[in-house]
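The structure's right below; bear with me while I get my questions together.
A, B, C and D are the chain letters, set down in written order, and residue numbers restart from 1 in every chain.
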Amino acid sequence: MRSRQALASEFIGTAMLLATVVGSGIMGERLAGGNVAVALLANTLATGAALIALIATFGPRSGAHFNPLVTLIEVAFKRLGWATACAYLVAQVLGAIAGVMAAHTMFELPLLMQSTHVRTGPHQWWSEAVASFGLLTVILNVAKTRPDFVPVAVGSYITAAYWFTASTSFANPAVTIARSLTDTFSGIQPADVPGFLLAQFAGAALAFALFTWLETDHSKQHENHV
Amino acid sequence: MRSRQALASEFIGTAMLLATVVGSGIMGERLAGGNVAVALLANTLATGAALIALIATFGPRSGAHFNPLVTLIEVAFKRLGWATACAYLVAQVLGAIAGVMAAHTMFELPLLMQSTHVRTGPHQWWSEAVASFGLLTVILNVAKTRPDFVPVAVGSYITAAYWFTASTSFANPAVTIARSLTDTFSGIQPADVPGFLLAQFAGAALAFALFTWLETDHSKQHENHV
Amino acid sequence: MRSRQALASEFIGTAMLLATVVGSGIMGERLAGGNVAVALLANTLATGAALIALIATFGPRSGAHFNPLVTLIEVAFKRLGWATACAYLVAQVLGAIAGVMAAHTMFELPLLMQSTHVRTGPHQWWSEAVASFGLLTVILNVAKTRPDFVPVAVGSYITAAYWFTASTSFANPAVTIARSLTDTFSGIQPADVPGFLLAQFAGAALAFALFTWLETDHSKQHENHV
Amino acid sequence: MRSRQALASEFIGTAMLLATVVGSGIMGERLAGGNVAVALLANTLATGAALIALIATFGPRSGAHFNPLVTLIEVAFKRLGWATACAYLVAQVLGAIAGVMAAHTMFELPLLMQSTHVRTGPHQWWSEAVASFGLLTVILNVAKTRPDFVPVAVGSYITAAYWFTASTSFANPAVTIARSLTDTFSGIQPADVPGFLLAQFAGAALAFALFTWLETDHSKQHENHV
């Protein structure tokens, strides 16, 4: 069932997501006259809204993962084979990089750059772990009980997470890698990428464990007490 | 039916709500360059969006109260026993405090602080009473006629209430207690907590009375006139 | 079927709407440091969000008109009798004034004031006519084809209309009367109220005519050509 | 089935869309005190919200195209005849111009002006191609799998696209032509219109090709492998 169409959907969807993240960051910073909060408000509004539109658009074709954490958890639940998952991961990373290139072209910048934006240290890693834990917890639970609401739930969650984490919530390894290739508002210097990825995987693993516990234990209790 | 899973959901949901309220307040204030309106816009956007995502996520597991006022009204309607309710209240308060600690850690602050933010006086108490009355009126009515819309209705209501009340609408005793433990944008000094709690209980009691009257009387009229 | 509960719902809903409009205007202006656009953004966000929550809350009880234009059009369609309609209008105007008083009390202002905010002239009247025409067109069409979407459609429409009209879109006679009683951001001086009301009725009448034509003619064409 | 009612709906809907785009641009610029980001935030919020309300309002009557790109793709899919399509295009362009006139009248400006806002060059054209490709991809896919979500998906997409493209995402030939007639925030000088139109058609053609491939190929693969 997973097909070239699904891979194309992951590629295009992730590309449009990154074009939004990077492009709206550049636009926000250029227009905000030095007020970083206003720039981040624009960046937030654009990213949250884009997620609503893109997940609704590509959800029926590929699941609209756009995020290796989601794909790997689908593998862990045995809802996706490793072969398909690897193809998804490649499509996501290449799509993310293509999205950065698309944004740079719109704003008259080099196709790719090397970011010099420092984002490191335990506080940033903790932020990414919390952000990723929250994102996956939202996705796993809402996808199970109310799949039609996933676009709005994810868009809303990321809108919040841009502001409540010190890292502005990357929460996505493909996004993180691609954002190391832009030296603009939303960039992260390449040296800081591994720390972010590790924190993201840790947060996602915790969300996986929580969801499994919430699901498993509940049925036991159902047998014992009802 | 109420289970360890429900309590965990209340704990985690309230923790993420407080991480959002406190974290986005810190981020907003740090970035806004002294424009308090811009900081509060960021705080508002994040909190409203988080409520949409979190209520959709944990609603099917615990009812997604995240608020002692909601739990106590469920008891008043005899839809929740006292034992479960007490466990809910503990989970909410502990979760709220954990959320403040999570936010402080992200922003390199002490785990807990004592707030020095003065919020007191009849105008503030009236604000909290109105805010709590409105919140519970929205929840009780929408939960009855259109439960799927509760996440959006509550997120929208709080978005409005952050701006139309002079207190920025705490409207939640667990949130109020936890916010006394942060000396940042969203804090409230401990001495001012009891006044807020009393006002919140009064507002919730009024919402309970209104809803009961709206429900009871209507059926009588139905018998008499139709 | 229309009952004391419906009237109470109109009263409370309109009161909360006005508390939002006036309260968030005061809060926005106080915090925005002189940037009127930021104050109006806060006012807009709060009002649009409040409409989503309040219409969802009171829609099943009273239709959630909160607006004499809506009530009068229901009379024109013979879906509401004159007696009920008059009671609705009284509840809306009294509720609106109560909402202004609630907001003033929150922000430590006199219970009622006389506005000195000049809003007059053909450009303002044209703005109100367009705003009211649009509002009623949205309500009539969406209520017919997709009633569950009315809260979001109306909240979204008013969010837009605050910005695309020169009058910030009152589009509601009860709101207009009540806003003459606050000398704050959202006020309108009493002398300018009649012009606004006339323009609003004209816009609503046009929306009524358009909707009637859209409905009637279509069925004729259906008979002739299909 | 396409009728005078549908044409009136396209005319009025496109007029209200343009009144929103142009009017909120003027209001944003006048109030923002020189902060272009704040002005564009207001413009974005208004436009995205208007699209949600207007598509929900007129969708059942005309399909709520408001955009020649959408109409032409309906022709390409043979869901609309050329005669109706031409009438739609005329209604959209005239409606768009009427909307600009309505906005100018609200803000005490001449009925129509000639824009002097330069928007040209390969980066702008690339922006418009990306914006139009994205818009049509969202519309085609969401309209197929989840038509009720189209208003929210389109409103969200345009909210994002105002910020992630360097051109602020016109993505609509009728809108582009009409915006050449306003010398305000949202204008485009007439000489730059043809470049925008060509880029928009190219982006829409690509979206059409992608959607066709996504649809066609998938069924083939279904026959071969499942």
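Quick note on the criterion: contacts are C-beta pairs under 8 Å (C-beta built on N, C-alpha and C of every residue); 3 or more make two chains touch, one makes a residue touch a chain.
These numbers were taken from a predicted model, which means no experiment stands behind them.
*Asks:* According to the touch definition, list the chains common to the neighbour sets of chain A and chain D.
*Replies:* Neighbours common to chain A and chain D are absent.
*Asks:* On a CA-centroid basis, which chain has its centre farthest from chain A's?
*Replies:* Between chain A and every other chain, the largest centroid distance is to C.
*Asks:* Shared interface numbers for chain B and chain C above half of all numbers used, same, or below, different?
*Replies:* Shared-number fraction below one half, so different.
*Asks:* So how far apart, in whole Å, are chain A and chain C when each is placed at the average of its C-alpha atoms?
*Replies:* 39
*Asks:* What whole-number Å value describes the gap between the mean CA coordinates of chain A and chain B?
*Replies:* Once rounded, the distance between the two centres reads 28 Å.
*Asks:* Which chain B residues reach two or more other chains?
*Replies:* 35, 38, 41, 45, 152, 155, in rising order.
*Asks:* Would you tell me which residues of chain A are touching chain B in their complex?
*Replies:* 34-38, 40-41, 44-45, 48, 123, 126-127, 130, 134, 137-138, 141-142, 145-146, 149, 152-157, 159-160, 162-167, 210, 213-214, 217-218, 221, 226
*Asks:* List the residues on chain C that touch chain B in their complex, please.
*Replies:* Against chain B, the touching part of chain C is residues 1, 3-5, 8-9, 12, 16, 19-20, 22-24, 27-28, 31-33, 35, 38-39, 41-43, 45-47, 49-50, 52-54, 56-61, 102-103, 105-108, 148, 151-152, 155.
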